[in-house]
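Next come two complexes, and both contain chain A; in the first it sits with chain B, in the second with chain C.
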Partner chain A sequence: MTLLIEFRRDLLIALAGLVLLVAIGLGIDHAWPRDFLTSIFAAGLLAMSLNMLIGYTGLVSFGHAAFFAMGGYIFGLLLQSPAFTGALGAGSVPVALGVAVVGTGLYAVVIGAICVRLTEIYFAFLTLAFQMFLYSVILSWVDLTGGDQGLMGGIPRPIFLGIDLADQYHRYVFCAVLFVACVMIMRIMTESPFGYTLRMIRDNATRAAFLGVNVFRVKLICFVVSSSIAAVGGVILALFTSGAYPEWAFWAQSGEAIFMIMLGGLNVFLGPILGAVALRILNDVVQMYTSHTEIVIGVVIMFVVLGLRRGILDFVKDWWVEKQQARLAAENRNGQE
Partner chain B sequence: MFDFDALAACMSTSACLVNQATSGLIIGMLLFLVASGVTLIFGVLHVINFAHGSFYMIGAYFAYTTYHITGNYFLAALVGAVGAGICGILFERLIISRVYGQNLLMQLLVCYAFILIVDDLVKIIWGAEYLAMGIPAEFRLPPLRFAGGFVPPFYLFLVAVSVFIGIGSLLLVTKTRFGKIVRAAALNAPMVSALGIRVNVYFALLFGFGCALAGVAGALAAPVRSLTPGMGLGILVESFIVTVIGGMGSIPGAFLAAIILGLTRSIGSVGFPLFVDGAMFMIMALVLIFRPTGLLGQGAVR
Partner chain C sequence: MKKSYTRPRRGIDRRTVLKGAAAAAAVTTGITGFPAYLKAANTPIKIGVPTILSGRVAILGESSVAAIKNEIRKINEAGGIEGRTLEAVVRDSRGKPDEAARMTRDLVNNEGCDIILDAEASGASFAVNEVVRDMKQFCIHTNSETSSLTADPKNQVDWVFRSCRQGIHDAVGGGLVAAKVVKEKGLKKWATISPDYAYGRANTEEFMEYVKLFAPETEVITETWPKLFQPDYTENVTALLNAQPEVVYSCLWGGDLVAFFDQASLYGLFDQFTAFAVNLGDYPVLTAIKSRPAGVYSGSRYHKDIPDTAENEAWYESFMANSNVLPTNWSWQNAAAVNFVVEALKKTGGDTDSMKLAEATSGLTIDSPFGVDGTLTIREDDHTLVNYMVGYSKTIVDEPYVVDFDQTAWSEIYKHEAEWKKRNGYM
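What follows is the complex of A and B.
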């Protein structure tokens, strides 16, 4: 209850955002905005959950897409199994969602317990290595995962509580609700004392340990939660594409997510989503002119990293802060006269 | 998943053992060359070259083209190494040197962008298809028989070159004037530059040397592996595993770890073909849990 009161402003904003998203999706009589926004929900959750590690905790993970793919695959595999849908009937979609999130979380506990002890470079290394491990498992375990073809033949989606996920409107609203709920969870986590503990660890882990923070445990909790949220992103994409593909676990997916964070802004809560939107638009525009999108994206990354040296929203924030300070300084001067 | 009968049958015949050991050794040697480049660059410049696999790829493709034009493999290997080295120096001067000392995220992103650009360039120049170079004419000799197994002469050449280069780079860093300056600069760059030494030049040369090692590995791999625009990443991940197991910054450690991994790969392909990758990651996880600095690494985990 106190949570509701403390975060009432954020909750209201989230609710307004949800209403807006639903209005856009249902109001416009064209599939494009719904498809575009659904893919943003998936990519946005991946990028935002990764930013909990990179921006808030200072853990640069280069293997976060592994959890994204894991969520999508668990969800798809469960619903494709006749035994599972037969046993659970109408409840199979929510149960599959729950199992995908919890299962990915458990996998993240194992991976996290090994990786989180290590700092900086080793951490980036290992997360990348484990991601490539998952990728090779997906590729080689053809009987289960379909290898490089991915999960083919569509994912059955039994109707539950009157929600028919085969219907594009129902599916869009369902994905929008999942997305906003996950964003809200991340907002609460990062603005709570726990979130400030994360920032403290990022800024000075040794000092945090002196103050009695169990650094390992806090990092691990953050790692597991962000991985589970990435899994929700994977579930949304699996619903959207009605399949799951090994590219989701490929390193380039993680690289893209990192770039979304960087492009949008590391130090602003909604930065990664802006980055996801910007990158998607950039991708679509480049694709209209050339099939060699990678080279253009690569050049853009170089420009942003070496030229701007920060993301779009970081840039705006810095500019805003500077302006405020200039105004304050001017007021102080006036007051003294 | 596990076929221990096949493994035991292989272990009991010397022919199979020799064949698996040699193929393990050449995998290990290629890994060693790439990993020693990563470890050298990290040891001095404290950056992880996440784009190191790209230089392996550049070396392989340069060697491929040179061999096709001249028909001389030795020249092709040299062009592969030097070409990768020059690309490495350019990469260091133009791009990586701008993110020294910045946080890891920036270095990661820059390397990510570089990999995207190089992979796409390779696709434009050489096409996206698999290319095969084949065993070069100089080495089309009957295989040597050794304890019942067959050893192609090219494998011997590959191992000999790798060991030679490995010893050479160890001596370069520990015994020569160049190595001393570079190590001093790694500890205190402003002091070294105050002594009138152009530190930037040395850093660029060292970076280029590390990339040339990857280029040699690519050129040596070209006859025995197929060439594709994504070939850099596979070896990059494996060479990371090698550096983690061997200990960051240690060339002998990289050598030991590369041989362990190479043998795991080749012997594993008989006994547990689907679990080869899994076995490599298990070894790495065990090393990290029980000896986080790596087998031969010194000092604290960074």
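What follows is the complex of A and C.
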């Protein structure tokens, strides 16, 4: 209850955001905004959950997409199993979603317990190693995962509570609700004392430890939660593409998420979302004119890195803060006169 | 001049503005994208083509696009369909399944494409298959040879077809020719070198299965699996040389096959063993290999003399005159796809409704330069192409590069295909 009161402003904004998203999706008689936003929901959750590690905790993970892929694969595999859908019937989709999130979370506990003991480049490379391990498993376990062809034959989606995920409107609203809920969870986490503990660990882990913070446990909780949220992103993409593919577990997918964070900004909560939107629009627009997408995207990122020296929203935030401070300073001077 | 100044509620403002901006951007892009969707009687019939135009496979994707554009040009010059022209909208998916899935949606929803020709390789074609199933969108797969795409009932979709080779057809043909050759020469010990991914493993398994069926004394003594797009084949060549087989089979393709042949020739591999390479007989591959070995058995891909007809020769000339790339196996498959689409559109009176097109395409037979007796058919029961050229030729160093085409009869293929389907529980 106190949580509701404390975060009432954020909750209201989230609700307004959800209403806006639903209005866009249902109000425009065209599938494109729905498709575009659904892919943003998936990529956005991947990037934002990764930013909980990178931006808030200072843990640069190169293997975050593993959890994204795992969510998609668990969800798809469960629903593809006739035994599972037969036993649970209408409850299949929510249960599969739950198992995908919790299952990925458990996997993240194991991986996290090993990885978060390390920092910097060692942490980065160990997460990368575990991601490539999962990638290899997906590729070689052809009987279960379909190997490099991914999950074939579509993902059945039994109707639950009147929600038919085969219908594009239902699917869009379902994904939008998942997305906003996850964003809200991340908001609460990062703005709560726990979130400030994360920032403290990022800035000085030793000091945090001396203040009585169990650094390992806090890092691990953050790692597990962010992995579970990435899994929700994977579920959304699995629903959207009606399959799951090993490319989702490839390092390039993690790299793309890091790109999004760099592009959008890592010190502003919604920065990674802006990065995801910018990267997607850039990709789609460039695709229409040339097949040399990578070169153009590379040039844009170079411009952001060299020109702004930070993400777009970081730049905007810094500019805003500087302006405020200049104004305050001017007022102070005026006041002294 | 002191002004009382209260700081604005920054938090709310900033976030609201950002959300508003993001939404406005989405809405604006949605609206500007909108006109593409509006259909009118005199607008072109748009054909969306997700394919691979970057990386080592680009040459095949480019030859697909060239073939599609050339066929469309011919149709449009002849007046189009019911007064409407055809137009291809091509997108490069870089062969990534999720990218191909997204692009296919985009081609239909944003570009307003009426028809999808899925010119992806196997991996991404399965992704496109699920998207068009989901969207109830008429589609023809033009490049994926993986048998299960149309043979496995779980992948079959009422409004989706395939206009290209199928692995199992080539495996039967290859098995028959290979068995004949090894029996004549008295060869028993085989080795395989194929790319390590689904297509490579499935294709090699199917081929060897039929060699063993037709020549039971066959024995595979070693298998080596280079990675896809591997730059250096030394370890694989060494493995083959150490095992000392009598015959080698490979389903390497494109740039990988060129790299392997160039490197293996240094070791004189093809002087020591009889070799079968199903994907060798494509013009860009044959012309790219520096030291073309003679006497290698090559599967049928595309060749202007196979079949040796005036129609095929004319198609080749037309392609060469209108393209800056050489024709490949992917070229004829995509040209055939456009021909099927055009025939289906004629049957529906230019109606692009997916279900009507599907009904018109199912069981459709068209006149084609690539067919065994001048016709190609999309079979009704599994929506896949039959009656195209299957068989093996032998390479020679100079033009026309391959000779002595040993054609496999379709009656043989049908018989073994039916048994294979039963064995795999597909029927």
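Here is the rule we use: the second predicted complex is superposed on the first by the 337 of 337 C-alpha atoms of A that agree within 3 Å, B and C clash if a C-alpha of one lies under 4 Å from a C-alpha of the other, contacts with A are read in each partner's own complex, and residues count from 1 in each chain.
Here is the rule we use: contacts are C-beta pairs under 8 Å (C-beta built on N, C-alpha and C of every residue); 3 or more make two chains touch, one makes a residue touch a chain.
Quick caveat: nothing in here was measured; it's all calculated off a predicted structure.
**Student:** Based on the superposed arrangement around chain A, label chain B with chain C as either clash or fit.
**Tutor:** Chain B and chain C clash in the superposed model.
**Student:** Per the contact definition in the header, classify A:Ser227: touching chain B only (first), chain C only (second), both, or neither.
**Tutor:** Neither partner.
**Student:** Counting residues of chain A touched by each partner, does chain B or chain C come out ahead?
**Tutor:** More residues of chain A are touched by C.
**Student:** Classify the contacts of A:Thr104 with the two partner chains as first (chain B alone), second (chain C alone), both, or neither.
**Tutor:** neither
**Student:** Check whether A:Asn51 is in contact with chain B, with chain C, with both or with neither, and answer first, second, both or neither.
**Tutor:** Neither partner.
**Student:** Identify the partner contact of A:Leu37: answer first if only chain B is touched, second if only chain C is, both if each is, neither if none is.
**Tutor:** In the superposition, A:Leu37 touches chain C alone.
**Student:** Now for A:Ser92: first (chain B), second (chain C), both, or neither, which partner does it touch?
**Tutor:** A:Ser92 sits against neither chain B nor chain C.
**Student:** Which of the two partners, first being chain B and second being chain C, lies in contact with A:Phe130: first, second, both, or neither?
**Tutor:** A:Phe130 contacts chain B only, not chain C.
**Student:** Mind checking 164-172, 218-226 or 254-262? I need the stretch of chain B that runs into chain C in the superposition.
**Tutor:** Between chain B and chain C, the clashing stretch is 218-226.
**Student:** For chain A, give the residues common to its interface with chain B and its interface with chain C.
**Tutor:** Comparing the two interfaces on chain A, one with chain B and one with chain C, the shared residues are 292, 294.
**Student:** Can you tell me which positions in chain B touch chain A when the two form their complex?
**Tutor:** So the residues of chain B touching chain A come out as 42, 48, 50, 95, 98-99, 103-106, 108-110, 112-117, 119-121, 123-124, 233, 237, 240-241, 244, 248, 274, 277-278, 281, 284-285, 288-289, 292, 301-302.
**Student:** Which bits of chain A are touching chain B when the two form their complex?
**Tutor:** Of all residues in chain A, those touching chain B are 54, 60, 62, 114, 117-122, 124-126, 128-130, 132-133, 136-137, 140-141, 251-252, 255, 258-259, 262, 266, 292, 294-295, 297-299, 301-302, 305-306, 309.
**Student:** What part of chain A is in contact with chain C in the complex they form?
**Tutor:** 9, 13, 16-17, 20-21, 24, 28, 30-33, 35-37, 39, 139, 142, 146-150, 152-154, 166, 237, 240-243, 245, 247-248, 269-270, 273-274, 277, 281, 284, 287, 291-294, 313, 317, 320, 324, 327, 331, 334-335
**Student:** Under the definition above, what is the set of chain C residues touching chain A in their complex?
**Tutor:** Contact set of chain C toward chain A: 1-3, 5, 7, 10-12, 14-16, 18-19, 22-23, 25-27, 29-31, 33-34, 37, 53-54, 91-92, 94, 96-98, 101-103, 105-106, 108-110, 122-123, 126-127, 129-131, 133-134, 146, 148, 152, 154-155, 197-198, 201.
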